[in-house]
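Structures given as structure tokens follow.
Two complexes, one shared chain (chain A), two partners (chain B, chain C).
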Partner chain A sequence: MTHQDVVAQLIKLVEPYAEGRVAHITANTGLTGELALDSLKVMDLITDVEDHYEISVPLNTLADIKTVGDLASLIQKHVGNDA
Partner chain B sequence: MAEVLDYAATGATGANFYAGGKLVTALPYATLRTQAIDLAQRLASLELPRGARVAIVAETSPDFLRFFFACQYMGLVPVAIPSAVNLGGHDAFVKKLHGMLQACDAAVAVASESFQGFLEEAVRGLRVLMWGEPSAFDGLPAQSAPLEPIGPDEVAYLQFTSGSTGAPKAAVITERALLANLRGSINHGLVLREDDRFVSWLPFYHDMGLVGCLLTVMGGQRSIDYLDTREFAMRPRRWLELMSQSKATIAYSPPFGYDMCARRVRPGDIASYDLSHWRIAGIGAEPIHPDVANKFAELLAPAGFDAKAFVPSYGMAEAALAVSFSPLGKGMLVDWIDPADLSDHLRATPVAEGQGTAFVRCGPVLPEHELQIRDDAGHVLADRRIGKILVRGPSVMSGYYEQPELTADVLDGDGWLDTGDIGYLVDGEVVITGRHKDMIIVNGRNIWPQEIERIVERQPELRSQDASAFSVPGPTGAEIAVVVVQCNTDDTAVRVALVQRIRRELLEELGVDCLIELVPRHTLPRTSSGKLSRSATRKGYLERQAQEQVLRVAGSR
Partner chain C sequence: MKENPRLLAVRAVRQELATLGIDPFGIQIDEILSPTEGLIQGRRTILAGTNNYLGLTFDPDCIAAARDALESAGTGTTGSRMANGSYAAHRELELDLARFYGKRDAIVFSTGYQANLGMISALAGPGDTVMIDADSHASIYDGCNLSGANTIRFRHNDPNDLAKRMGRLGAEASHALIVVEGVYSMLGDRAPLREFVEVKKAFGATLLVDEAHSMGVLGEKGRGLCEEMGVLGDIDYVVGTFSKSLGNTGGFCVGDSDEMEVLRYASRPYVFTASLPPATIAATRTALRKLAAADDLRLRIRENAARLHAGLAALGFRLGAPANAVVAVLAGEKVEALRFWHHLLKQGVYVNVMVPPATPGNESLLRCSVSAAHTPEQVDAICAAFASWPGARV
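Up next is the complex of A and B:
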């Protein structure tokens, strides 16, 4: 699974929460500043991510996640570890 | 509290920790007592002065209980530190942690392995004697000298509450105050029964989580099943599953927890729940909109949930926790009030059901305690007259830790605590209508407008007094935070970048999304003394919104 694959899948998962704020979401899109994900939306998104990839993302690790690409990298790390 | 645990340890009850729908750790109070005493003897090797503060980054884990009670057994003061980290909020979390460790002058700080990185950064420049993982403290040599537990007039714990100045402040609660509160809750509020059993997803750094769903439960020698807050936030149904499975009789939540369940529970799952044992569905900690509770009750009635189980409750960290409980078995008693009389004459004039504004009665003040409604001049008001709510009694805090000025603002020489809430009394029951402080509550988080304004005004292109924050009702009735920002640029790219940066920093630090409106410089309304007026800004904002609404409707024709 390449980084590009995860980014593409993640964009699909993020889109419903973006509420059309950004026309083209990319790896560089900011999850907070641009997509305005508040704490509840973050929880919902992480639930979707965990269900999709069957991983468990410790909430602490989100502290260093700013963009879609950052989150994709974090997912890759967990998919690698849990597999 | 050591005696309370000693007593609870003689029975078979305890705390159970669940994750992923499974029991992870069962911690009978007898085991907790043994572990806490062992840890206390190890902490004794640090030779800390009596009353030194032990900061515990509070996750829902047995370690929190061990450290909290080890402190009780040896005269140290535990302080629960929030463990909630926001997306992208690394720096903001470290700063907050640093501020809290400094504010309570922590001698020791403990956190689970996953928080060590934050802790390492946060302790820099502070006089923290020892910090680390729980296992580091378990490795200390055990001392055999007899332990001297916290006495009635010593401090049992410090409870951080959010402050408008940005500097954290902590309520000081003595053991005597805590025990008075537990007595009131156990004997008069909840009237605990032999067969009661609790479930909680509330974090231990929240007063309702710590006092209501740990210390009160132990004081009543009842068992409790804990669900991690994170798991509840992600999958609220786990709360209902656990309630069903353990046939729990008591659970508390702020309204937003009931709301999350009502919005997220899958209709197909309802038949699989059994909520028929739930006799006290406590609700409090933020304004209670009857609609939210009613929706929950209606949805879960087929699972045996009884709307009469709702117990609206009023309390605050400054009074240990509980101030009043609505009478049991009656459900929510709603007062319908004339909104014009409320705002123009500060009178709660009853109107027919369904007309006017609905407020929930929160019951009579606990025995041994007093509650008064006063006007701005300090005169005690009659029933159904709206004013500041003041409370006096044995549960009230000694003050804010090392903050005599902040303490004097809320606590007078006669022991009356100004709660910061406004409301009225009717038939001896208190009804909360608002807050005379401007606190904004979004998704269960208490946020001061000053915090939002400070984050906005620190942007390099802005100055002090360029932002004014407040809340407005959103489409579903829940509060939405709004900040009106004045800036002097028309450049779209610059404006977009500014708004995005503000939004990002607000989310990283506070975890809430804010509606951000940019207006030209010199447009924010001021009071006669030259200070920004939040209420006038809010009024202007709502007028602009209404006007836009009219234009939109007109434009669509």
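Up next is the complex of A and C:
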């Protein structure tokens, strides 16, 4: 699974939370920045991500996750570990 | 003056409320008249947004016990439980709580907030896993933060979702700490505790239940949802507060584990704060005796809850859960909910208003809570205030 694959999938998972605030979501789009997701939405998104990839993403590992790309990298780490 | 960027978001919210001229989060009760009435903005107001479930705040026996302790033991302890702040009465209250729940031991903390912080951070640390319900109280989230443990959130009140996530942990699952609440403070909905106990047993994990909003209200003896569901013996740790049905301030944890004795010393929120003052301990001991015997009050709170729930449902409002001491009216969009709240206040009814992201879902809530001390007439007056709202029922 390439980084691009994960970003593409993640954009699909983020879109329902974005409510059209950003027309073109990319790896550089900020989750709490441009997408303006509040803390609860970010946690809901993580729950969806965990279910899609069947991984565990602890909340305490999210401190440095600012963008869609950051989250994609974190997912890759977990998918790698669990595979 | 230089602006602290950390405060920008809160400042923006405060500014928005100031512009609306509605400030539910800065409201002041100028005079407290009884467990169910106060003077707010010059108006005699029915308090329908407290946690005074049994109405014990003005109980004459509790007041007398507090007064005696105040005069005999002074205003405060000036120290931690681990140093000069443990008086005989603190330990006696712990033994009272342990006996009340039929558990081996109890630890008293200075607030319920600290009880969650103290227990979660003593039971789990970096490398461990804590599984928490998505709608957990802030004190549970903060306890996880303080612990440094891996924190995984499962879908609200969903034991199957918990089991699925536990399954992903592999061998680590048997070391996990699961944290749920009995009754959730905002919607008043109850946890499926029997099913959570099944999951805990299947994985050999540890289960902590916060009974803040069910103590005194549910169960034959007031031992909460755990008692009502017959699972008290299967719960490893029950956390609770003195600040709701006991009408005071403080928190506690009861448990059967032989680690209770050392847990308190491993708990920074227990060690690094002053213990509760003698008057609080004395009044709480009296309140606990009353709570255990308060069959009449439990009946009244059930009747009041049913009356309010039925009244609001009949008016066409959408409610958060079946009848319970907490009755939440779903109020849609934020500004409209704030206006609705302000309208109720002008009718002489105080309720709590909650707005996203502090609420489950994307919706604002008008949270009403009933007390055993409310009269049926007061409950009808609360319904009448809701009925007079000229806006839409969302």
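In the analysis below, the second predicted complex is superposed on the first by the 83 of 83 C-alpha atoms of A that agree within 3 Å, B and C clash if a C-alpha of one lies under 4 Å from a C-alpha of the other, contacts with A are read in each partner's own complex, and residues count from 1 in each chain.
Please note the rule applied: a contact is a pair of C-beta atoms (placed from the backbone, for glycine too) under 8 Å apart; a residue touches a chain by one contact, two chains touch by 3 or more.
This structure is a prediction, so every number in the text was calculated from the model and none was measured.
Partners chain B and chain C, once the complexes are superposed on chain A, run into each other and clash.
After overlaying the two complexes on the shared chain, residue contacts for A:Gly69 are found with neither chain B nor chain C. In the superposition on chain A, contact is made by A:Gly30 with chain B only, not with chain C.
When both complexes are overlaid on chain A, the residue A:Asp38 reaches chain B and chain C alike. Considering which of chain B and chain C touches more of chain A, the answer is B. In the superposition on chain A, A:Glu54 makes contact with chain C only, not with chain B.
Under the contact criterion defined above, the residues of chain A that touch both chain B in one complex and chain C in the other are 38-40, 43-44, 46-47, 50, 58-61. Contacts from chain B toward chain A in the complex involve residues 84-90, 93, 114-115, 118, 230, 233-235, 442-443, 445, 500-501, 503-504, 507-508, 511-513. Residues of chain A touching chain B in their complex: 30-34, 36-40, 42-44, 46-47, 50, 58-66. For chain A in complex with chain C, the residues that touch the partner chain are 38-41, 43-44, 46-47, 50-51, 54-61, 82.
Chain C makes touch with chain A in their complex at residues 129, 134, 144-145, 148-155, 164-165, 168-169, 356-357.
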